[in-house]
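Consider the two complexes below, in which chain A is the common component and chain B and chain C are the respective partners.
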Partner chain A sequence: MSDATLQADRARPPVSPFVERLKERLFPTPLSGLLSALGIAAALWIAFVLIRWAFLDATFTGTPEDCQQTTGACWAVISARWRLMFFGLYPYELHWRSGIAGLILIAVIVASCVPVFWSATRLALLWVVSFALFWIIMHGGVFGLETVTEEKWGGLTLSIFIFCGTALVGMPLAIVLALLRRSRYPLVAKVAAVLIDTVRSLPLVTILFTVSILLPILMPDMPLSKISRVILGMALFFAAYQAEIIRSGIQSLPVGQEEAAKALGLGYWHRMTRVVLPQAFRRALPPTISQFAISFKEVALVIIIGVFDFLASGNAAYGSGEWAFTYVEVYVFLAFVYFLFVFSLSRYGAYLERRMRVGK
Partner chain B sequence: MTGPKGLIAAGIAAAAHLAFSTPVYAAESETLAAVQERGVLNCPGHNGSYLGLAEVDDKGEWKGFDIDLCRAVATAIFGTYEDHVNIVPLSWAQRWPALQSGEVDTIIKASGWTLGRDAELGFQFSNIYMLAPTKILVPKSLGAESVADLDGGAVCVPAGTSTERSVAEYLERVGIEMEFVTSEKTEESEAAFLSGRCDAFAQWDVQLAVLRLKSGKPDDYMILPDSIAAEPVGALVREGDDDWLDIINFTLTTLLAAEEAGVTSENVDEMKANPPAPGIGKMLGATPGYGERIGLSDDWGYNVIKVMGNYSEMFERNLGKESPYGLDRGVNALWQDGGVLWPILID
Partner chain C sequence: MTSYRRTRAFWIQVAAGLALIVAVVLLVRAAQTSLAAQGVTSGFGFLQRSTGWDISFSLIPYTISDPYWKVLLAGLLNTLFLGVIGLALASVLGVIVGTLRTANNAVLNAFGTTYVEVLRNVPLILQAFFWYAVFTHLPRPKQALVLADAVVLSSRGIYLPGMNISASAGMIGGALILAGVILALVLSLLPRPTLARRRMLPRLSRIALFGGFGLGVLVMLLGKEAGMPLLNVAELKGLRFDGGVRISPEFAALLVAMSLYGGAYLGEIIRAGFMSVSRGQIEAAKALGLTTWQVFSRVRLPMALRAVLPTLTNQYVWLLKATTLGIAVGYSDFFLVISTSINQSGQTVELILILMAGFLIMNNVLAGIMNFINRRIALRGTQLRT
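The block that comes next holds the complex of A and B.
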């Protein structure tokens, strides 16, 4: 912009800088202006079509026949079958138990995100108590609660449970693997490295097939249930990746940190838990949050070994003769729920980074 | 008082009784023993819904033809299926190892009988409970009444599948030509058909009925009557447990023989009181002999029909006119009605 136009601008009555900037960005020349106008029109049109489909013409409650009268989305399938999606094959009259158990896990996840609980003992206590509570409510068999075996668990509650179990078993395992890989003893370090690289070179699907199908054939008296085996398999997978993330955090620290701690006479455990790991975690926070988000979505892979998770329950939800045509609505709903979880996780990660002043 | 002679005579009589009385083949099936001890029959479900055969209702209960067949087997063993059936959700790939590892006791999961599965997997197939015909779905607006009317049209098929091959062979046999619109996956083929990129879509008829419903406008489509190929569908058990296979085969026979004789869940009590034929009387337990020989109670046939209904009732409620799919029995009728199904004779 030349000085002359600046002068001219000052002479004109004041226009809000936002509108001014918008005008400059979108309509600098006639051709660009035309393209902008077309782009905006297209975006508005797409938004209008989507809104018309999802809200204006949609059917929110009622029967499949009601839906077929209109051209919009058939959200009636969600109101008719949401319990199936959230609780899967859990006995219908006991759904409240699955609901409470799921809410407990969500509450504990939220609680663990609050700095008040950030000490190893508090976190451990919180998780042990809540897992015990989850098990009592979900599985029953005590306090007069009817027993519901793990094969009957399903839906969103089961997905969250598998995710929590994976993270809970996987995170300590990851720390151990990361530390072992940095061990002073070459043999230990090599073994840890080979283990991590082997697991990372296997697809998760292979691991799931192994724990769910191969193990029972090789060891017919396997005491672990299918869900526990799945959690252990997924935790191993999670740990292999997370271990490398932690190691990258550790290696990004100046060597002086650990040497200074050594010079002060701190033992190995104190050096690790007080000096190295806290800083490593802070530096590795962004990839750690990604790893959690990835793991949450990877839980959906268990559908291929017949675990009735949220995705499988969604398949079942539109899988009846009456609702067969509502697959788009069901998948949109599933995606929305996944989005809620993963997006909150990302926002939380962003808050943590601000709090810890990562990158500054 | 009997003397020594009397004792000897009694001894001979007893020995003769042991030697010549009708031998009773008590069930020696390992699987049956395991199921009875467990009190539960484990059958495969699906990882989601497989419409018409294994789907989940609003309350999370399984239903469908395959599920009902499993319940019939459980009813044969326990007299009722309530609390005696456990449906294990399984993906397609998982069903074979699940049977091998004993996770399920039988596979009743829309599984076609092939040489490979029979010879190489270590399983045995039961008598078929369904012949799955490949048919063709067309929009009604096309006005076609048989495949012959589709000459010069386009048909959507997933590339490289047995369906593609059967359609090509059939078209050659009836001497008409169609353009093939192939896609990598079945879902893509379905979408191509629904968006009107071709005039016809070939699949197993149950899947066609499902696709018709998926379109949201079931009345706009019709399944042409021609069967262009068929796949025999049976239950599978682990090889070497013949007595267990018998139980599945005779459960199927009970369902079919009841339909043949007009025995339904409604009239089974009258039929048991006044059996129309000796075989039916035996099957329903009016006269003994049906259960003992395969290791079940003598009234198991009655229980199956009372609880599950006959084959026709099971078909109609899951796939036929009383279901959203509205399929005809077609080739899956009894042999008298022009179908391929038959019961084993009950003597």
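The block that comes next holds the complex of A and C.
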């Protein structure tokens, strides 16, 4: 740098670092600056159109006729049909039970994200107790609660229940599969590998199809209900993916860890539960969370085999004659609810990843 | 290992193997008894029976008197058709989104991020339903939207301009273009042990690509039907459109949903690839005097693609599996055809086996091709050696 530029630099009035950074990120070169300007204009225009549609010109309550007089969104369909979307065909006067049961499961999901519960016993206890509680409130039949059978469950509560059931059954299964695949007996490892790879290369719908249509034909006197079969199928699929995540966590550990545990005379069971798995889980936590997020979205596929989940009840909410024109509003609402769940999960995963990088 | 432990390992495996065999045999026996009790004849003989039902879309000629194997083949081709176009569109979108997210411009970053976060966090099947509702709620044919006098948007489908050429000319021309593309790809991936081959192969590959394309176009032009304009734009005839190429709402909905959703995931993968290219590489390219576009197309993109190809393979396999959503909107993909066949013929076990075998083969072939490309384009050691 020459003396002249140094002089010029010194002569320039101090600019706040924020403005400086903004300038650098928005207008580094003339072309980039032009793109920024166009982009900001486009974003403002899109935001204006969206806000006008979703809020300014929207109808929030009323009848389909009220909606058709305005050009904006017809949120009235949500206020008219939200119970159907959240609770499905659950008896109307008992909706509070479905609501509380759903909130319990959401609370379990949130609690599982708090490090206080991160031990196998605490997590198992938390999930089993909450599931018992869920079953009592949702199914009833005890404590003077009227029995509501599984065929009447539906809506968002059912979607969350299938997701939680998948996690509850799938996680232990994933650990078992991961350990089997790493077994020192070649035959066992091979069988586990074939099972995992086969399930992973099949589309989830084919597995759902198998459990919902094929199983009853092959074993007509099987005592499992449709929902539990769906959960089993989803859990198998989840476990095949999660097993690979756990396995990669195990394989990323230094070999010395397991050898040291062996040298200390720990048996297989202790080596796995006290040394290998806790560390493997720690390392595999971010991909595990994103696998959960994927699973939550995949629950929506159960609509294909005729389970009345959140998406199916959303379809039903606008499908019947009078609200038929509100398909955009209903799907936007469904998407928003899914987004809340999946986005929070993935943000949480990103936060964990950052935190663990700092810890290293 | 002591001999005691070796014996123990042997017997444990024998026990595990026997338990597995017994379990499978018991399951099969139970299944056979219950199938026999329901009076289902097993076997693959039904594949020769005629179906008696039609499908909404097929690439090969198909009528209701055709046998089951043909309808399954049609479904398989439909899946591949949707899969190939969807993967290609998703890849293009992915590169655009990945570039936006790594651009040195906050506004472009924000657009990329918004796109990814909105589309990636909503279930694909919900997006497919949404687009299906949008495409079926387009104006009726009478009030259809016409863009640039060529593209027609209506609730009966989207009509693109077609060409007035004979069917055989179209097929041969299309096959020539496709053959050119495949030959060019294979030529550019062949090993190049000598300097002569390094010079020859890219040239041959280019000749194959342009030659195939030129010949294909020539055949199509020669096959033009006399006395008609080359382009065939859809026209309203009564309550429906005639001419042009119709894209059904089912196909359009699935394609749009798949490409947008896949684009979000692929964009993230490609972004990771861009970020893995070291700054030194880019600075070296700039120092050599390459233009911004050359730095992007000759250095950043090829390096990024090499870095992410294995991840990309997984995502491609995933997207190909996502074509099974055809059943949600009624596109006759492999899965929908199988499901209808099950309802019509009752051969549940056989058809589900075919379904699984079909996907295992498709996914493994796709993964095999991608792994082959990965091995071929991987940079080995230093690039100075020939």
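The working rule: the second predicted complex is superposed on the first by the 317 of 360 C-alpha atoms of A that agree within 3 Å, B and C clash if a C-alpha of one lies under 4 Å from a C-alpha of the other, contacts with A are read in each partner's own complex, and residues count from 1 in each chain.
As a convention for this text, a residue touches a chain if its C-beta (ideal position, glycine included) is under 8 Å from a C-beta of that chain, and two chains touch if they have at least 3 such contacts.
Here the structure is a predicted model, which means the values were calculated and not measured.
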So, after the overlay on chain A, do chain B and chain C clash or fit? They clash
**Request:** Identify the partner contact of A:267: answer first if only chain B is touched, second if only chain C is, both if each is, neither if none is.
**Result:** neither
Which superposed partner A:84 touches (first chain B, second chain C, both, neither)
first
Notebook entry, point to check: Counting only touches as set out at the top, which of chain B and chain C does A:144 meet: first, second, both, neither?
Noted result: neither
Contacts of A:312 with chain B and chain C, given as first, second, both or neither
first
Legend entry - Which superposed partner A:186 touches (first chain B, second chain C, both, neither): second
The chain contacting more residues of chain A, comparing chain B with chain C, is C
### Message
Just to be sure I read the superposition right, which of the two partners does A:92 touch: chain B = first, chain C = second, or both, or neither?
### Response
first
For A:254, using the defined touch cut-off, is the partner it touches chain B, chain C, both, or neither? Pick first, second, both or neither. neither
Note to self: With both complexes overlaid on chain A, does A:220 touch chain B (first), chain C (second), both or neither?
What the structure shows: both
Message = Between chain B and chain C, whom does A:304 touch in the aligned arrangement: first, second, both, or neither?
response = both
Intersected contact list for chain A, partners chain B and chain C 213-214, 217, 220, 303-304, 311, 315, 325, 327
Residue positions on chain B within touch of chain A in the complex are 45, 47-52, 55-62, 86-91, 93-94, 97-98, 100-103, 210, 213-217, 323-325
Residue set of chain A touching chain B in the complex reads 68, 80-81, 83-84, 87-92, 151, 154, 212-214, 216-217, 220, 303-308, 311-322, 324-325, 327
Seen from chain A, its contact residues with chain C in the complex are 22, 25-26, 28, 32, 35-36, 39-40, 43, 184-188, 191, 198, 201-206, 209-210, 213-214, 217-220, 293, 297-298, 300-301, 303-304, 311, 315, 325, 327-328, 331, 334-335, 338-339, 342-343, 346
Interface with chain A, chain C side, in the complex: residues 9, 12-13, 16-17, 20, 27, 30-31, 34-35, 37-38, 40, 103-108, 110-111, 117-118, 120-127, 129-130, 133-134, 137, 317, 321-322, 324-325, 327-328, 335, 339, 342, 348-349, 352, 355-356, 359-360, 363-364
